[in-house]
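Heads up, the next two complexes both have chain A, just with different partners, chain B and then chain C.
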Partner chain A sequence: MPRRFLSDWRNWQLAVAMAFVVAAGAAGAFAGSDYFLQIMVLAAIYAAVGTAWTISGGLSGLLLLGYISFFGLGAYVDGLLYTKFGVNPWLCMPIAFAAAGLLAWLIALLTLRFGLSEDYFAMFTVALSQVLKYILLNWEFAGRATGVYLTVVKDDFATLSFVDRRPYLYIALALLAIVILVTWAVQRSRLGYYLAAVRENDQAAEALGIDSAKVKTKAIVLSGALAGMIGAFYTQFATFIDPKQVFSLATNFEMLLGPVLGGRLSIVGPVFGASFLKPLQDLLRGWLGGEADALYLVLYGAVLTVGILVLPKGVAAYVEAWHRRRYGNP
Partner chain B sequence: MSLLELERVTKRFGGLTAVDAVSLAVEPGEILGVIGPNGSGKTTLFATVSGFLAPEAGAMRFEGQSIAGLKPSRISALGIARTFQVVQPFAGLTVFDNVVAGALRGGRERLAPAQRAADQVISRCGLEAERNKLAGALTIAGRKRLEIARALATRPKLILLDEVMAGLRPTEVDQAIELVRTIRASGVTVIVVEHLMRAVMALAERLCVLHHGALIAQGDPREVIERPEVVEAYFGRKSAHA
Partner chain C sequence: MEVILQSLALGLLQGGVYALVACGLTLIYGVMKVVNFAHAEFLTLGMYLAIAAWQLAGVSPYVSVVFIFALACALGAAAQALVIRPALKHPQINQMLITIGVSTMLIGAMQLAWGPNNRVLNLAWSGATFELGGVRLSYVRAIAFLAAVLIAAGFWLFLKHTRTGMAMRAASQNPVAARLMGVSVQRVNLITFGVGTGLAGLAGALIAPAFFVNPTFGTDYFILAAFVIVVLGTMGNFVGALLGGLIIGVAEGLGGLLLGPALRQMVSLALFVVVLLVLPRGLFRGKVT
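Take a look at the complex of A and B:
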């Protein structure tokens, strides 16, 4: 690849992340066990969600802590449309994208137009995810606490159901590739400049003609919509929805761990962060045992907080510094 | 028609009237100086004109259009740019990216032309050597220049410069004065708020004096600074025993 293209940090990340996605696909093709594939699919889903989060939680600088709302909503949109109305799962993904985007837009409207400050915004998003959980836990039509179960029609590409786990991995990686591309495109676009300006200094951005509320709204909507799309795929992969899981705060923080430690302003950060942390979390969970759910929450919360304080730009900052030296940018 | 017209503009903070019924007309192409002791309302007046503060009373018109109550981004889009007295760089971005953010003009410019325009502004403001540095790593003089460059990149009709010379060394002040002159020469109307009398007197064709938020004098700079009410505002009333 031309050196000139790679000398841009964003392009370099795109190339590396895409190479990683392809390599993961190849590794999956030769993977022997379903257990291993299962972990890979989940890692890809987490990487995609984590990367999508960086558009709002990273680039725009918003403390969007309660991000799982969009994922959970997408999961339910797919589950309900598929089981109750027979909507094709492939079609459910764009619908979930739109539904989660709409939720994100409403959140932006409520919080930004009324000038909710940063910490309250964070609390609002966390609270909202739990409100959604309790609504779905009590909604008859959505199966209450039982959730939604999908009947699997065996090996049918048209209805996104496979006995083999491999096709799920390929689709998950394709979704991850889409999220990576979108994030890269955002970073390189005018919106990327506005987001950087608003993140760095809201007032100065406004003085330059940048409508900060509008810019943040765009970031939340795009970020939320992508999570919704991934949530829809998750339902098809898992074949059931447990409301306590798809709106779980523990899962929420698990999903943010990769981008926060990896680097929330980067692309490689969330991709590699989630890809390594998710399997690690699964191992850790096995080791700590099933009774320790509250312990995870404490652990993730602590790691997340320390990560934000100690490594505000994540591990990716060091890679970026290396890249700068390697390609001779001052 | 005046470029900017203020009519009895008033801004209060609780019981304090920071800007008190200021009426002012700014003509296209001029350099207007605004001076006044600390706390006289200069920065508040700028913040009001640029939309960061909403006036309690009075009218503000830019090119005949009312701008009172508009958001800062809207006012910037109409062609009023401002710098901040306490510089507000995008510290984590490079100088180039800082200026590009301005050159995009809130979406009215595409990315490639904005990047070209940014490089032009950078060289105009003498920031070439700093182009790829992080804005947070600049010296105070560099930051003041960046503040001007970013505002200039929005291609304003009117630029409000808030103490861009404060804290500069004498040679840097000379360079800054020269820069402001070239800005005006390119057809941009300039309002300078400045404590440094040497700079104001070198630049301003007309001078306004604020005191306790009120406009107490305006006119020819050399004549205005001799007026008793202006001298009094700065130095107080002459004691009977002196």
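Take a look at the complex of A and C:
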């Protein structure tokens, strides 16, 4: 690849992240056990969600703390449309994309109206994810606490169900590639520059004629919609979802750990962060025992706390500094 | 009618405890602008410690509450010094995730110490009730309510009339000006975080005889209500948190009656949305004092 293309930090990240996705796919082709494949698919899902989050939580500077609402909504859109109405899962993904985008738009409408303070916004999004959980826990049609089950009897590409885990990995990686491309495109677009302006100084951006509420709304809608699409895929992969699982606050924060420790404003940060941290979590959890995971919680909490204290800007900040030296950009 | 009164009274009693938990949260926010997601874990810890004191040493929760308050203060201050203070200049999302990390550690530690299953503190008169104006109330809850209201009122006087209290209010109104007036903001931060979490621990000890407790009790039943209360009462406003606590308690009591116990928690969350729509800056329109 030409040096000129790579000398742009965003392009360099795109190239590295895409190479990683391809390498992960190749590694998956040789992976022996289902357990290992399972971990890889989950890592790809977390990486995709984490990268999609950076569009709102990173680039726009919004404190979108309760991000799992969109993922969970997407998961339920797929679960209900597929099992109750027989809608094709491939069609469910764009529908979940639209539904989660709509939810994000409503949130933006409700919260950005008064230039709501960032902390209120953060707490509101967390509370909302729990509202959705309680609604689904009490909704007869959606199976209440039992949730939704999918039955997979044979490999069928048309209905996105496979007995083998391998096809799920390829689809998850394809989704991850889409999210990476979209994030890269946003960063390079006019919207990306607007977002940077709004993030760094809201009022100065407004003075230059940027409608900050509108720009933030675009970011949260795109970010939420992508998470909804990944949620729909998750249902097909997991074959079983319930409200406590897909609207879990613990999962929510696990999903944000990759981008925050990796680098909220980068592409490689969330991709590599999640790809490293999610398997680490799964292995730790498996090693320390499933039910009584108290020790895991202590360790995980400590890693989270210390990690964020030591790396407030994420690992990507250091990589970016190296990139700047390597390619001689000012 | 009687049922309504009964729900109203129960909601009010719960509201008093909410108020005590929320005023610690709002103080911490007011002074440091940190949303403490680990707040409810100190309540849970207070409950566990009260149970341990009762079962191991036979100490009544109404005695151990003093020590539990002190211990929760010390723990909160330690957490502030170790992980919150170094992050005060970092992005807000980092601060929030750090408090979430603290919360996770505390939940794990409590599960290690006391196991994942429900525990209960059975005083001889845990179930005893009395009648007041046609409403049946349990002693434990009534005591918790009275103590919560008294302590909150006492704390309000402390904020109004002592030097430390005034320093805390000054730091929450304008940290730069407070520093210029000779207030050690660092010390105030430490005290505020300590006392704030101490109040949560204290509330836990007070309600220990009335509830089952498990490691995620606080997260499951208190933190979201506490968030709604501080937003309703304007984040950082102490009196607002007290009023908000009572309002949310009553609203949950009546809502539970109307919608059934399963949807009780929906009430405070739905109120959150309504508050944001109608009073986005809380009852006090953004004023901290």
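Everything below uses one rule, namely that the second predicted complex is superposed on the first by the 303 of 330 C-alpha atoms of A that agree within 3 Å, B and C clash if a C-alpha of one lies under 4 Å from a C-alpha of the other, contacts with A are read in each partner's own complex, and residues count from 1 in each chain.
Simple rule for what comes next: contacts are C-beta pairs under 8 Å (C-beta built on N, C-alpha and C of every residue); 3 or more make two chains touch, one makes a residue touch a chain.
What you see is a predicted model; the values in this text were computed from it and never measured.
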{"item": "Partner chain(s) touched by A:238 [first = chain B, second = chain C, both, neither]", "value": "neither"}
{"item": "Which of chain B and chain C A:42 touches, first, second, both or neither", "value": "neither"}
{"item": "Contact breadth on chain A, by residue count: chain C or chain B", "value": "C"}
{"item": "Partner chain in contact with A:65 - chain B first, chain C second, else both or neither", "value": "second"}
{"item": "Which of chain B and chain C A:203 touches, first, second, both or neither", "value": "first"}
{"item": "Partner chain(s) touched by A:194 [first = chain B, second = chain C, both, neither]", "value": "first"}
{"item": "Common interface residues of chain A - those touching chain B in one complex and chain C in the other", "value": "none"}
{"item": "Contact footprint of chain C on chain A as seen in their complex", "value": "57, 63, 65, 110-111, 113-114, 116-120, 122-124, 126-128, 130-131, 134-135, 137-138, 249-250, 253, 256-257, 260, 264, 291-305, 308-309, 312"}
{"item": "Touching residues on chain B, where the partner in the complex is chain A", "value": "50-52, 71-74, 76-77, 81-82, 84, 88-93, 97, 100-102, 104-108, 110-111, 114, 132-133, 150-151, 153-154"}
{"item": "Contacting residues of chain A [partner chain B, same complex]", "value": "189-190, 193-194, 196-197, 200-201, 203-212, 329-330"}
{"item": "Chain A-facing residues of chain C, complex", "value": "29, 33, 35, 83, 86-87, 90-94, 96-98, 100-109, 111-112, 116, 215, 219, 224, 227-228, 231, 235, 262-263, 265-266, 269-270, 272-273, 276-277, 280-281"}
